[in-house]
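Two complexes are shown next, each including chain A; its partner changes from chain B in the first to chain C in the second.
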Partner chain A sequence: MNNLQKWVQTIKISWKRYTAYRLNFFLQIIGPSLIFFFIKYNLWSSIYSGEEGLVIKGYDFNQMITYHIWSFVVAQIAQGHTALNLSIDIRMGRISSYLIYPFNFWEFHTASFLGFQILQLGITCLSMTVFSLLGILPDFTLSGMLYGISACLYVSLFWYALQYFTGMLAFWLEETWILRVILQVITVFLSGAVIPLELFPEAVRSVLEYTPFPYLTYYPIKIFMGAPVDMLNFYGVITIWLAIFTAINSYLWKRGIRLYTAAGM
Partner chain B sequence: MKLFSETKHYLSVYRKFISTSVSEATSFRTSFILMIFMDIFFFLSAILTVDFIYDHVATIGSWKRPQLMFFISFMLTVDHLHMLLLSHNFWRFSDDLKSGNLDFTLLRPLSSIFIVFFRYFKPSSIPNSFISTGTLIYFGMQNGFGPTQWILLPFLVILAFILLALLEFIISCAMFWLVEGLGINFLRMQMQQLSRWPDFIYGYFTKKLLTFGVPVLLIGSGPVHFLLDINNWPYLLGMIVSCIGCFYFLIFLWNRGLNHYDSASS
Partner chain C sequence: MIITKDLTKKFVSYKKEEGMKGAFNSFFKREAVEKFAVDHFDLNIEQGEIIGLLGPNGAGKTTLMKMLTGIIVPSSGTVEIAGHSPWKREKDFRKKIALVMGQKSQLWWDIPSIDSFKLLQKYYEIPDARYNEKINMMGELLNVKDLFHVHVRKLSLGERMKLELMASLLHDPQVLFLDEPTIGLDLVAQENIRQFLKDYHAQHNTTIVLTSHYMADVQALCPHLVLISGGKKSYDGSLEKFENILGHKKSVYFTFNQCIDKTDDFWKTQDVLFSENCDEVELKLDDHEIREVSAAILNKFPVVDFHTEKMPIEKVMKKIMENPEILSGV
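On to the complex of A and B.
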């Protein structure tokens, strides 16, 4: 019970921290996704306006825009979080405090992540209301929406584990932002966030099936769109990758903390 | 004569900036190598995105594959110059404003804009120079460029880079009025994203706004339209006028920002 209170308080603090500079939060977290969607909307409008009735790999114009609206939602809920604070804590020697606090390092950051996720869910609802007012929100069923959000929240745990992994490397590396950018660039491209995976060459798609990338964006979008997705396989694959990265992170923490030195220690 | 000696002085300072940046960057070899990979991944993802789309459509707007691929290569070359010469400085600027380190910059007997935005050079981007230049030349050849276009190409890359830099300096000035300037760097990056696609993909009002209001679309679309058809010379004129206008606006805004600046340490 006492521990639960610590989690709740940390979530509240993280909310306050994220929303302390609202313009900054908007520009850093929501702005990029909005601009990304705006560019994709214009690009596909331009492509489809060139030929009437054009269908690309089963996508007509409306289906393509639907795909990208759900891609926006997935990006917000599943991939919004970054491990910036985590790596800064390690680099600046702030983890010394966690070593004496009755609240672990991972607990603190996971509680902050949960706080961020709750905030992101609110922002996504707001964005969907805006899409609805603009008349571009695709039709959806309540069950489809619940399945989609559940899938995104589960993916967000894996994304958090990936981000945590890049943050942990701050024990060994001077700069970890490079890894985060590499992860972002590769994920955006290979997960189907820019173009649906059906448009990729067949050979590339076959290779991607053995990686976690399609599970980060493509499959959650398909779940939102109501397309048939093998849910058991989806959750199974994410669980395996989540377990792998949790184990790696735990190992890195044990090794890293032995290396750790801070001022005054 | 004064202009010549001042240029010489600034170049000698810039040589020192490069030298210290190289020493700093090569001290952390893993980060240095990762940055090379980061640039390559970014480059490949941009090129392959367009390539995959063209596997399914013949044209985007009025452009076929070689034309749009040339545009993307052109923008990647401009981005590459930006990464090499400027990118690090914007992030340091937001930190310096918050920490009060800008005070030391303002005390130096050089233009503060020069020190703030040209202090850090990114040597890990050098290997990518060969890839971006090679791709630009390859797609230039695919478009059947003649001697005039080849002569104009390097000047237009530099002009596009100057316009991009000026626009980003102007956006960065907003940090003077904000407690946390990090978000402005994200806004700046979003402006870059908008410029990475040709102007014809945008709707009428967006195109007008991003060409005449905040001329980000002129960065790539201006020179490429001109290179593909010399009759499109008004684009080039627009770029030159935008560069001059942005330069004077930057000076005005920078001075206002400095007046507003209240150092964290003062």
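On to the complex of A and C.
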């Protein structure tokens, strides 16, 4: 009971912290995805403008744009949380405070993440409403929407574990931002956020099935689009990856904290 | 309350060679350099004591403090605080201690301090009634009640420090660690913090470990001093004994309105030091001599000012830093 109160209060505080600079917060979470969407829109428009009625691997122009509008929604909910920067906390010795409080470092960050996620979901619903008013939100069914959102929320947990992992590496590495950028770029490409996975060579696709990447963007998009997706498989695979990274993170924390020097205290 | 035995922390760093070639070489073959930040340190602090942990920069104070609070894990040796090993970081242990760092804010920067307090209330599971009582009491004592709703980043350093102290004391810790709590504060703010700590200690009998480079803090608060240099303990004893390391005599200073005669017979019987332009002297006097000798000087010479040393501890520290061997005989 007491522990729940700690989580709830941390979430409340995280809202205050995130919204301390409202405009900045808003631009930060919606700006990059919006820009990314317009780049992709232009890219695909020019590809499709070459030939009337072009269909690429089953996608005509409208379907491709639909795919990318859902991709925007997925990126918002599932991979919105990139602000997490454990590495700076570790390197600058800022985690000392959390080592003193009777509330663990991971609990604090995870609660903040949940707080962020709740805010983010609200903002995504708001942007979908705007899209809908502008008439560019693709058709959807209520069940498709609910399945899609829950799939994205589950994926966001895995995405968080992955971010946490790169942060933990700061115990050993002086700088981790390059790693995070590499991870970001690879993810964007291999998860189907730029090019739908149907356009990848068959061999590459079958290898990708064994990685978490398609589950980050491609499958959630398909769920929103109402395409048949094996839900049991989807949740099963993410659960396994989530468990693996949680175990690694917990191991890294235990090893890392022994190396921690709390620079400057 | 706090017992350490052979407590040691060893850091390993790698030598970096100069230039591109050096960087290339050290990429493949690194030379490890071991440094003992804290070296076989024994300490015994009783419940309710205030101890001042002193030492020059880089002596190992902060490393010791980090081991005592459980932030870093010792390389060897044992440490026990209120029956716990800090490095295990059990929740029970964490509820018993508090740490205030003058150089680092623990309050969340972007929100008002009252929000941080509420969060800490939940973390430390402080009952509402107790929490409200503490907030009111300390808020009044420190005169910061108006600041509770101001964003922390907008506060002055002195204001923030008071709130940091409040935050650390909400849960009635048994042991309070203060790492340079008055650093960068103006004289009035320093004095306020000292007075608050004194009053708080008198009421709660909290065990306090304090590090500071301001000898005024130490003199006002710490009857027990521990000096660390090069990771080793070089002094552990009372403030009084520490002040007398250079001898029991007090320094008394006289300033004259003109150069005086150094060869005067009066000075021959005294332990005296003249300033370069001979208008100032420093005398080393025993307590019982002060009255008599001072009266004689006041009568005989054109004195415009005189004073005794206000903080002998400052002088002792300075001498020790210049010449650590002084302590070998203590």
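Please note the rule applied: the second predicted complex is superposed on the first by the 258 of 265 C-alpha atoms of A that agree within 3 Å, B and C clash if a C-alpha of one lies under 4 Å from a C-alpha of the other, contacts with A are read in each partner's own complex, and residues count from 1 in each chain.
By definition in this document, a contact is a pair of C-beta atoms (placed from the backbone, for glycine too) under 8 Å apart; a residue touches a chain by one contact, two chains touch by 3 or more.
Remember, it's a predicted structure, so these values are computed and weren't measured experimentally.
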Quiz prompt | Fit or clash between chain C and chain B when superposed on chain A | solution = fit
Quiz item: Is A:V229 contacted by the first partner chain B, the second partner chain C, both or neither?
Solution: neither
Exercise. Considering only the touch criterion stated at the top, classify A:L27 as touching first (chain B), second (chain C), both, or neither.
Key: first
Quiz item: After the fit on chain A, how big is the angle at chain A between chain B and chain C, using C-alpha centres and going to the nearest 10 degrees?
Solution: 80
Self-check item: Which superposed partner A:L153 touches (first chain B, second chain C, both, neither)
Solution: neither
Self-check item: Touching partner for A:Y260 - first (chain B), second (chain C), both, neither
Solution: second
Exercise. Answer with first, second, both or neither: which of chain B and chain C does A:I123 touch in the superposed model?
Key: neither
Self-check item: chain B versus chain C, judged by how many residues of chain A each one touches
Solution: B
Practice problem: After the superposition, pull out the minimum Cα separation from chain B to chain C in whole angstrom, please. | Solution: 6
Self-check item: Intersection of chain A interface sets (partners chain B, chain C)
Solution: 21
Quiz item: Taking the complex as given, what residues does chain C use to touch chain A?
Solution: 11, 62, 65-66, 69-73, 89, 91, 94-95, 97-99, 101, 103-104, 106, 108, 110-111, 115-116, 118-120, 122-125, 151, 179
Practice problem: Note which residues of chain A are touching chain C in the complex, please. | Solution: 2, 5-6, 8-10, 13, 16-17, 20-21, 93-94, 96-97, 99-103, 257-258, 260-262, 264-265
Quiz prompt | In the complex, chain A residues that touch chain B | solution = 21, 23-28, 31-32, 35-36, 39, 42-43, 45-47, 50-51, 54, 56-57, 172-175, 178-179, 181-182, 185-186, 188-189, 194-195, 199-201
Self-check item: Touch list for chain B against partner chain A, complex
Solution: 28, 30-31, 34-35, 37-38, 41-42, 45, 48-49, 52-53, 55-57, 59-61, 178-180, 182-184, 186-187, 189-190, 193-194, 197, 200-203, 206
